[in-house]
Amino acid sequence: MNDMRAVERDVDIHELKMQARGVDVFYGDNHAIKSVDVDIEDKTVTAFIGPSGCGKSTFLRCLNRMNDTIDICRVTGDITLDTENIYDPKVDPVQLRAKVGMVFQKPNPFPKSIYDNVAYGPRIHGLSRNKAELDEIVERSLRRAALWNESKDRLGEPGTGLSGGQQQRLCIARAVATNPEVLLMDEPCSALDPIATAQIEELIDELRSQYSVVIVTHSMQQAARVSQKTAFFHLGELVEFGETKHIFTNPDDPRTESYITGRIG
Amino acid sequence: MTDATAAGVPDAPRKSSLYAADARTTRRNKAEKRFRAYGLSAVSLGLLALVLLLISILSNGLSSFRQTYITIPVTLSAERLDPAGNRDAAEMARVTTFGYVPLLGQSLVDYVAAAGIETELGAQEIGGLISGEAPAQVRARVLANPGLIGQTIQVDMLVGGRIDGFFKGRVSMDSAGRDSNVSPEQLLLAQALADEGAIVTRFNWRFITAPDASDTRPEAAGLGVAIIGSLYMMMIVLVLALPIGVASSIYLEEFAPKNRITDIIEVNISNLAAVPSIVFGILGLAIFINFAGLPQSAPIVGGLVLTLMTLPTIIIATRASLRAVPPSIRSAALGLGASKMQSVFHHVLPLAAPGILTGTIIGLAQALGETAPLLLIGMVAFVRDYPSAPLEGFFDPASALPVQVYNWTQRSDPAFVERASGAIIVLLVFLIFMNAMAVLLRRRFERRW
Amino acid sequence: MARSGHIVSGFDRDLESIQALIMRMGGLVEESILKAATALETRDEDLAAEVRAGDKAIDALEEQLNEEAARILALRAPTARDLRIVLSVFRVSANLERIGDYSKNIAKRSSVIIQAPPINGTSASLRRMARAVELMLKDVLDAYIQRDADLAADVRARDQEGDQMYSALFREYLTFMMEDPRNITTTMHLHFMAKNIERMGDHVTSIAEQVIYLVTGEMPDDDRPKQDRTPYEQGTGG
């Protein structure tokens, strides 16, 4: 099914970027994610929706192995990035996270300057050879995050001095500075006012032409506005996964319909 | 609907006026006022105690910052001081302090006569006005400058302890009558000399720079050695406790697995902070002095013992600062592909630094005032010589400020009361300064996330 | 399938209220068709006047429904089935309003015909046609409120009969007009009325398609059998 926006923006590649098969996640004895299969396509925005506690954030964090930092969390199953299994013992999570970036719910810029915030990732991964290259990376990332014009005259000022929406865009700039292939966003707009939210949504639409974006959101309207594919999670299971248009006009599963129309919590 | 009311539906609640105070509110307000009064009186009591303490210390101690000196011309006779005649310092050193005593006494007698002051006192008693410390100082000066022999120079000398007390109001004619160390006639002479301008009470730098003096010479006693000793110990504590404390804290907070062993360690560290300090003294005695053979009364031992005492404070303060850094910063760093070490050292530690610093300063301030463990490791000895420069100096015997206070309060001469109070003032000044630094730093660097 | 209501009960009440309005509008339109047909057969001018006056209420309901539905779209952001309910309300009310208009037209023309001498047999067949359409409308409204896609498909198929009846009447009227030119005026009116009734049937079919869309989420495909051959017929002589 052709998405009109895809035609507008002249992007219609549908290669598979990340694939999950039979993924289970356990928090101690609690079986949090039950045998989930999902495909994340390249240059596409995939939304994860579902009621609170359904496991969408947990699953998102599996995609960049952030769950490794939690001791009692155990992940089984296959998750591949470009056909390489990211849970393979040979894989260093640090390298993985350079390729799969993450933006969090509450904007969390480092209490350093705007420049240092964006430059941190490239620095620790050795992506630039000298200051000139680093400057270029910083500028490019800030442009991609639609923050360059507002910040180019104050790169030395602390990142925490920006407004909420600007801070979140700074976090996005910071995440794209390492040139990731996939961008994970965990409810990026929940702490923002409607105008900042709209700016971020527009940004996500632009980022789509470069990266594969996976966004977890509480707002179904946001998922509907922003994504091309939507996955509905409920009680740890992936109930339905398909084109956003289909899910929101005529979903297959009655649980999906109940959630979308506001009939269950 | 008349049927409804007839059936027993309750009336609408009667409206009460906001302006009329109801009984519950009045009672509650009264209770709150009473509580505020209790709190205020508690605070006042505390303040009162503090004020009384300060008044007592200041009234006793402020006078130790002033000292009475006598300035008279002294003839440095060559026969007495340089019998060999060749101005050789080594030769002249054979003339002991004792040899200088009559010299000074004679100079004063001559001065009194020259000034036309009438007195019935003999030369011995006139010489008794001068402090027993003075001959040593003059001797040191002469040995340093042999060329002064034969000249008559103006010499500044301390007056004896009782005379000093007279000018500070401690000693009166009555008490002098009962005192074996001084007679009323001596006091009169001193007064006359003061009227002449030979005796002056002025600001006393020696109190802070000079080493301790013997029991009979309170006028010469100073805090110099004690201050250096305390300084050396603080340096040792800083250099040892800070890195060890911070490193253990970081390990416990960020890297240690969350299991029983870690819990036990944490509980024990918190308990260590509550252990009485004298226990650390016993520990220091047993391990550092008996087992490791370090010299008694040395700043190194004192420093090590105080390090052990300060470690728990620093560890606890560091952990609190590390915990105060929000996990979102760590998540952000990890999400960018930083390793755990990188996220701790690049992000968490710089943000926790102000808290760590504050905790360290407070720990140091506590260590500065600790007396009990130092007593046990022998720092209560009487030390006259300054310890040498650091590293070797850490092993020389020294004293410490609070220990010096203890020492002086043990002595019989009432002038030491003044000295001890003065030392307390100096200690308090340091403590207030350090705590003020800690508060300032905390205010300055406090962040709101 | 028992489904729980919306967590926000106001949403349920809103949807119920527009459904109730549709049913009310449908009832008024049914009544209007019946009365118009009866007026023609019994040559009752007053009844015809009632039908014409009653159309105002139907138009007012359509306006009210449009407003309500727009309000729900703006305020509730309905999705999936709820969205289809609201979209169907727009189209069903438009269709019902057109049916009402046709009914009014029939009543208007009835007044003219009543004054002229009757032509035998004609009004009975018209009445039959109208009755058939009215039954279709009743059934499709039942299908709507009960979400019965099969009943709606059935109604959709029955439109064939209406088309056939119209074709038959068309040929009959041609015969009348050729027999006696004095009949032409009356017959023309009758013809228009028959056409109106046939158009009513088409609108009922459209409502049936909306019901199917509402229930299944897809518009039925376009192979609705059409039996009206009149646009393709040449004039027949004799």
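Residue numbering begins at 1 within each chain, and the chains themselves are lettered A, B and C in the order written.
The rule is simple: a contact is a pair of C-beta atoms (placed from the backbone, for glycine too) under 8 Å apart; a residue touches a chain by one contact, two chains touch by 3 or more.
Keep in mind that what you see is a predicted model, and the values were worked out from it rather than measured.
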| item | value |
| --- | --- |
| Touch-connected components when subunit B is not counted | one piece |
| Which of A-B and A-C has more C-beta pairs touching across its chains | A-B |
| Chain whose Cα mean lies nearest the overall Cα mean | A |
| Taking each chain's C-alpha mean as its centre, the one farthest from subunit A | B |
| Distance from subunit C to subunit B - Cα centre to Cα centre, in angstrom | 104 |
| Between subunit A and subunit B, centroid-to-centroid distance (C-alpha), Å | 59 |
| Distance between the centres, which are taken as Cα means, of subunit C and subunit A, whole angstrom | 52 |
| Subunit A-facing residues of subunit C, complex | 1, 3-8, 11, 77-84, 217-218 |
| Of all residues in subunit A, those that touch subunit B in their complex | 64, 66, 69, 71, 94-98, 101-102, 104, 106, 108-111, 120-121, 124-125, 171, 174-175, 178 |
| Contacting residues of subunit A [partner subunit C, same complex] | 220-221, 224, 248-251, 254, 257-258, 260-265 |
| Complex contact set, residues of subunit B against subunit A | 257-258, 326, 328-329, 331-339, 342, 346-347, 351, 447 |
